[in-house]
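To keep things clear, I will list the structure first and then write my remarks on it.
Letters A, B, C, D and E mark the chains in the order given here, with residues in each chain numbered from 1 onward.
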Amino acid sequence: MLYREAGQFKTTYAEDMAIFPIHQDRIALAILLGIAFIGVPLLADFDIWPFGSDYLLRAILLPFLILALAAIGVNILVGYCGQISLGSGAFMAVGAYSAYKLGTGVHIPLAWLGFAISIPPLPVLLSILLGGLTAAVVGILFGIPSLRIKGLYLAVATLAAQFFFDWVFLRVAWFTNYAPSGSVNAPTLDFFGLNVGTPIERYMLCLIFVTVFAFLAKNLVRGNLGRQWMAIRDMDIAAELIGIRPLYAKLTAFAVSSFIIGVAGALWAFVYLGSWEPLAFSIERSLQLLFMVIIGGLGSIMGSFIGAAFILILPIMLNLLPTQLGVPLSTETITHLEFIIFGSLICYLLIKEPHGFARLISIGKEKLRLWPFPY
Amino acid sequence: MPKASTPKASTATEAAAPFLSVNNIEVVYSHVILVLKGVSLDVPRGGIVALLGANGAGKTTTLKAVSNLLHAERGEVTKGSILFDGVEVQSLSPSELVRRGCIQVMEGRRCFAHLTVEENLLTGAFTRRDGKSAIAQDLERVYTYFPRLRERRGSTAGYTSGGEQQMCTIGRALMSRPKMILLDEPSMGLAPQIVGEIFEIVKDLNVKEGVSFLLAEQNTNMALKYASHGYILENGRVVMDGEARALAANEDVKEFYLGIAGDKRKSFRDVKHYKRRKRWLA
Amino acid sequence: MGQFLEVLIGGLMSGVLYSLVALGFVLIFKASGVFNFAQGAMVLLAGLALVRSLDLLVANGFPLWVAIVLGIGFAAVIMAITAWLIERFVIGPLVNQDGLTLFMSTIGVTFILEGAAQMIFGSGSYPLRLFPTDAWFLFDNLFPGGILVNKLDVWGGFIAGILVAGLAIFFQQTKTGRALRAVADDHMAAQSVGIPIGWIWFVVWLVAGLVALVAATVWGTKLGVQFSITFLALKALPVLIIGGLTSVPGAIVGGLIVGAGEKIAEVFLGSYIGGGIEYWFAYVLALAVLLVRPQGLFGERIIARV
Amino acid sequence: SPAAAQSEQFIPILSYRTGAYAVNGVPYANGVADYYNLVNERDGGINGVKLLVEECETGYATDKGVECYERLKGKGPTGAAFFNPLSTGITFALTEKTTTDKIPIITMGYGRSDSKNGAVFAYNFPLLGTYWSAADIAIQHIAKELGGADKLKGKKISLLFHDSPYGKEPIPMLEVLAKKHGFEFTPIPVTHPGVEQKSQWLAIRQNRPDYVLLWGWGVMNGTAVKEAAAVAYPREKMIGVWWSGAEPDVTPAGDQAAGYKALMLQHGAGKFPVHADIEKYVYAKGKGLSEPDKVGEVLYNRGMVNAMLGVEAIRKAQEKFGKKPLTGEQVRWGLENLNLSDARIKELGFEGMLKPIKISCSDHEGARDGRVQQWDGKSWKVISDWYTANQANTEPLVKDVSAKYAAEKNIHPRDCSKES
Amino acid sequence: MRMPDTSEILLQVEGVSLAFGGVKALRNVSLDIRKGEIRAIIGPNGAGKTSMLNVINGFYHPNRGAITFKGRTRAQMQPFEASRGGIARTFQNVALFKGMSALDNIMAGRTLKMRRGLLWQMLRYGPALAEEIEHRHRVEEIIDFLEIEPIRKVPVARLPYGLQKRVELGRALAMEPDLLLLDEPMAGMNLEEKKDMSRFILDVNDYYGTTIALIEHDMAVVMDLSHRVVVLDHGVKIADGTPDEVKKNQGVIDAYLGIAH
């Protein structure tokens, strides 16, 4: 089928402003969602390779979905609002640890006031969402400097959040319920009495989260707030002079972004790792998320998914390939080669298309439209 | 692409090969956006050639193709060739081109924002090897051309006014002692008497030092007054070309580019108010 | 008092060692507007090239000083090749792209360098002993136990001082220095006035590579040359932004501030709140400085004009 | 061929040959892989069941470790026999998964100390010693050097630790011991990866603790030893845990490390009868992974011991389940019933490296003995006799913490008296 | 030429001085803008014209002087006060939001008029969608008016300079301002385009009654369009009056025009 808009007339603005105004895009999305929501569970159910083994679900799809969600959050801040952040790992951690605290019961003895704050263990879903909310509050706090600090200076400054929270969760035993090693275990995943335990259940859970948030995020970025963010990103002075308040725009971006990242952090901890330590949310995680959005395409929700896939899955493929092909290489060599090839692919991709996969796709679509003429 | 429809400038009086010749080039941005659809033009040695045309016609693109700056914008010349002084431009780096005497003044006041005005001017002399005093002399000359720059020589270029930045970019190009200048909208944002001065400088350099010019300009009036030749670009194609005087006399040019109908300039207040309203959606 | 002085001096000195790494960042940023994530990997590569060739030469019976000269020469050549490759295949084709894209490409370079360096030179820990690592104990008549000053730190400070003086003069006083700053402002305009950015970038990456080599000699002596040396980049970042991304002397001043600040905080404050605070403290310090001066102490002002 | 694969026992190796901890990860992984190779080459496998080994690089990162685990757990005809995560972080992350998947994890000399309690942690085997045992042994040695446990009173002992679950594990034990013996205990964290320790050592120089315990990994160890030299803290007063007592930890410091002491996880460096086999069956055939002169280094040997215990567990399990590839659950039984006597150890060629080990349902540690070695500038020398961790000290903590875990996870501890 | 039917003063700048270090951009300049008029500000390069606009809409804060807008006097404007009060502008160096389409750029101009909160926008349902559509209608009118329908979905970075200026005008119009500040709206345009632009400016002025302050170097345009002209030179006001008066002023001819027009 050809990719043509011709003949697709819009008769209302609402239609013109739909998420995917083009028919073919809608079909593609429907197919994708169909595969994700129905195809994968079916395949897994019938043990069809490679879905039969847990590996694909647990070690690839699960982290992919969760990190894609986090990447959407990062993309809102970095891609849409132009505030480069290297503190995403910290916001994931905030989400994870506050969800943990809320899920296991909070007790703050205020001895000098003569009473204590006690919150009983909350249901998992609620604690995950509240974990996101806590992350949003922290995000706003660490977003305040962005009113003054810009660009790379801001990026480095956000590392303050990263290292500070690494330290807090390591040092303040209260957050880990005084576990001797500082490593904590997620509460059992009980959703309205439904225990989410098997890989496929976990997958579905994450898929629902990701889909919902992706749609909400997409709505936001193409609405008024999204335009404000992008205006701040592209030309902050002009934005201010046409009546956009930088304070509001930047802080909402920090809040929304951190909320999503926080939820992703809670999912990462609860659903993927099950048991974790602050190192799970280290600076490497922050960098990884940033890579995802740059490679995927700044300012593109779709790009966040592709970026996540590229950064997360490609190295695994590269790592698997020699064993699959039976090339006799030592693990050491394989890993070093993996680094070299992965790095080269990043460079190659950027040279081909400096704006990442999202742009590559939109150019591809443009080509399709022109097809069979080259221009 | 209809090369035939764009006959080459036929100033056959000049036997020598043109200093710059652009032959039927096609330029594509980002692999999909076709902007120039077969543009050909010549600049004779010591000539001033004007490149005219509406917004988006492709003037800037043509100049960038000549100075080989397109790839930095993800554009490429997919067809045709450009010869500067007999050498294929594509085979030279931008800096080599400057060294050989071909420099572009980019549109949009591209100063080095963090450098002072004087430092900006001095970067223009980067390729020169003829010693400090010669450079100092030229600096002096630029300051004579643009006294306003002398006043602001120590200021950070990013904070100077639009016109000052424009002078700065032009002055910077002059500092390289070029043989051929590709001037992109030199008059933009300059006060009327400075515009006049710029064209005087162009003439001056052309007459005294034999510098050739390819001039992309919206101020058709001025451009055709000073140029020997003109090309009119529309939608990536040369639609008309010829001697400047002949062009200026052409009725269409008069009407569309010079705004002279009959022989009187029309007031901007009396622009026709015909409505081209077409409803897009019901 | 004695302890405070000792911590202060030790901190200042450590800070200068961070500056050695930060300098490499500054160089490349100043000359191309690229935030070079690969600086840490370059330190590793330079260090490995040096130490491995050194070991080989010594094992083959060369006298130590000959081996050192040859080894440094070899490492320099490696850095030159690296600079050439990076310019030719990565940064060159990305001219005129925005900062984040260039930053990402240096991340690609980081992966390549880390993989290649370890594949070629090995991924072990290799001792390097170019400078003394013991300490002086000054003023032991004034303070019990004296004030400890590490000789390696003094060497590092000395070298950093020379580097900074040289580079500062280069940037402010020479034509090439001016051209570099022009390139950082606007790649395309720089090309249009005839600055050969390819060559310029090669030179800059080479100089950054050599600075990395110097850093590797000092840090390699301190830690042994091994992968962990790449983490120094994280210690250099707060230094970098306190001083200002574009300021060579700023790298030193930033180093002094970060070094002194974090060590004093760790020793005198850390013990009350559990310790291990110096990592984030350096960044919080940087954040505080930026809130007052968003472009760092000596960085170029961020131009805002319409 | 598929037919052959049907009769192979699959064993995964999680290793890290790159990244910050490669320096220590490489020799260890070499020891592990070489030993499996030896079993195949020399004995043709375990009772004829060949070992099929695959390595997966974790880079010491938890999520990579989890990925490796998922990738390898189902391989081979019966799935992975057991896992050696070689990282405390990965161990924590895998503990729950392995219980569900019924695959034991062997964490020899590391991991979670409370997992000694097999009643709660059915699938965790912190063989040969946990960090709590290590802490107890270290204090025993200090007491001995001081001339008696009573001399500990009023002494200052600092713990310089890697700021991660690994480094933090011994703290509760040391706090217990400090209270018991009356010494002053100060934990001093070093942020990962530990390239910068000046403030910690300047503080130590001022505070002058009588002993510094070192709980480092990777570059942190060497740097600590060097910084100690720089501030002239006597190396003799430093005692490292067994992960801080290998060659890479001291060689960067050269002479400055002379005098530095470290615990031994029973074994140290050196060559024993088994090494002759390794040379003959593995290296002579060009199948060895290590540089030959590194065979016999501390971490290499530890890798070998680790591999050997796994192999013996499989052998034990084969006694019950038959000479065929076994599932993780079956191997778990073998581990829990592993009993290596002096004679058997001698037979295996590990005489002099190990003491007897006997694992049971309630004791997944199996043995808790250690010695102390000292670096003389060129090599490690054993300087102490055997210590056995005092269970009276460790057991209450084990009970406490594992009970808490059981409650959190809704685990009903097995009744060990009923296990065979 | 039809003069605006009111002489009510919309904006009064009084004795404003502005200096940057040693550079005195404005020296004690006073000027007024009457409701409904087109007021031109001209002067040589670096005279302080742009700075004057910047003072008016609060991007620069004058060292001395006061600004009275809609009857309220302040020592300085704040950008948000200015925009909320109904001052919109275009910029000398096009300051569009490069990564957004022309449509989004103009929609962004309506930020101040949109009310729905984050949660509604997130759902993009009900009132939020209605609001979005309502504003889209207004924006489409502007697009229609400026005749830029074909490019509404093109990222503005790709547009040629002239169209970018038009989009920028559209963005300013979307704010439905009372006072529109135009900084060289016709620079870099050819005659045809200048005519279009003139028509837009006149229409805005006529139909919506928007007051306009215009900086432009094309004297023909300035003289034809504006009701009153103020001339700055080196930060000093050297003339103020009708185009005809200004044209004849010798000081203006010397400092700026060069030749009498």
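Basically, contacts are C-beta pairs under 8 Å (C-beta built on N, C-alpha and C of every residue); 3 or more make two chains touch, one makes a residue touch a chain.
From a predicted model like this one, the values you see are computed outputs, not experimental measurements.
Shared contact partners of chain D and chain E, listed by label: A, C. Comparing the chain pairs A-B and C-E, the larger number of C-beta pairs in contact belongs to A-B. Mean C-alpha positions place chain B and chain C at a centre distance of 44 Å. Inter-chain centre distance (chain A to chain D, centres taken as mean C-alpha positions): 36 Å.
Centroid to centroid, with C-alpha atoms defining each point, chain A and chain E lie 41 Å apart. Looking at chain E, one finds that residues 50, 59, 91-93, 95, 140 touch two or more other chains. Multi-chain contact residues of chain C (touching two or more other chains): 118, 123, 274-276, 279, 305-306.
Residue positions of chain B touching 2 or more other chains: 33, 159, 281. Contact between chains, using the touch rule, shows up for A-B, A-C, A-D, A-E, B-C, B-E, C-D, C-E. Within the complex formed with chain A, the residues of chain D that make contact are 15, 17-18, 26, 29, 54-57, 59, 61-63, 66-67, 69-71, 73-74, 88-89, 92-93, 95-97, 100, 112-114, 163-166, 168-169, 171-172, 189, 191-192, 289, 401, 405, 408-410. Residues 78, 84, 145, 148-153, 156-157, 159-160, 162-164, 166-167, 170-172, 237-238, 241, 283, 287, 291, 294-295, 298, 332-333, 335-340, 342-347, 350-351, 354-355 of chain A are the ones that touch chain C when the two sit in their complex. Looking at the complex, you find that chain A touches chain E at residues 12-14, 17, 216, 219-220, 222-225, 227-228, 230-231, 233-235, 237-245, 252, 256, 299. The touching residues of chain C, counted against chain B in their complex, run 95-96, 175, 178-179, 181-182, 184-199, 246, 300-301, 303, 305. Residues 50, 54, 59, 91-93, 95 of chain E are the ones that touch chain C when the two sit in their complex.
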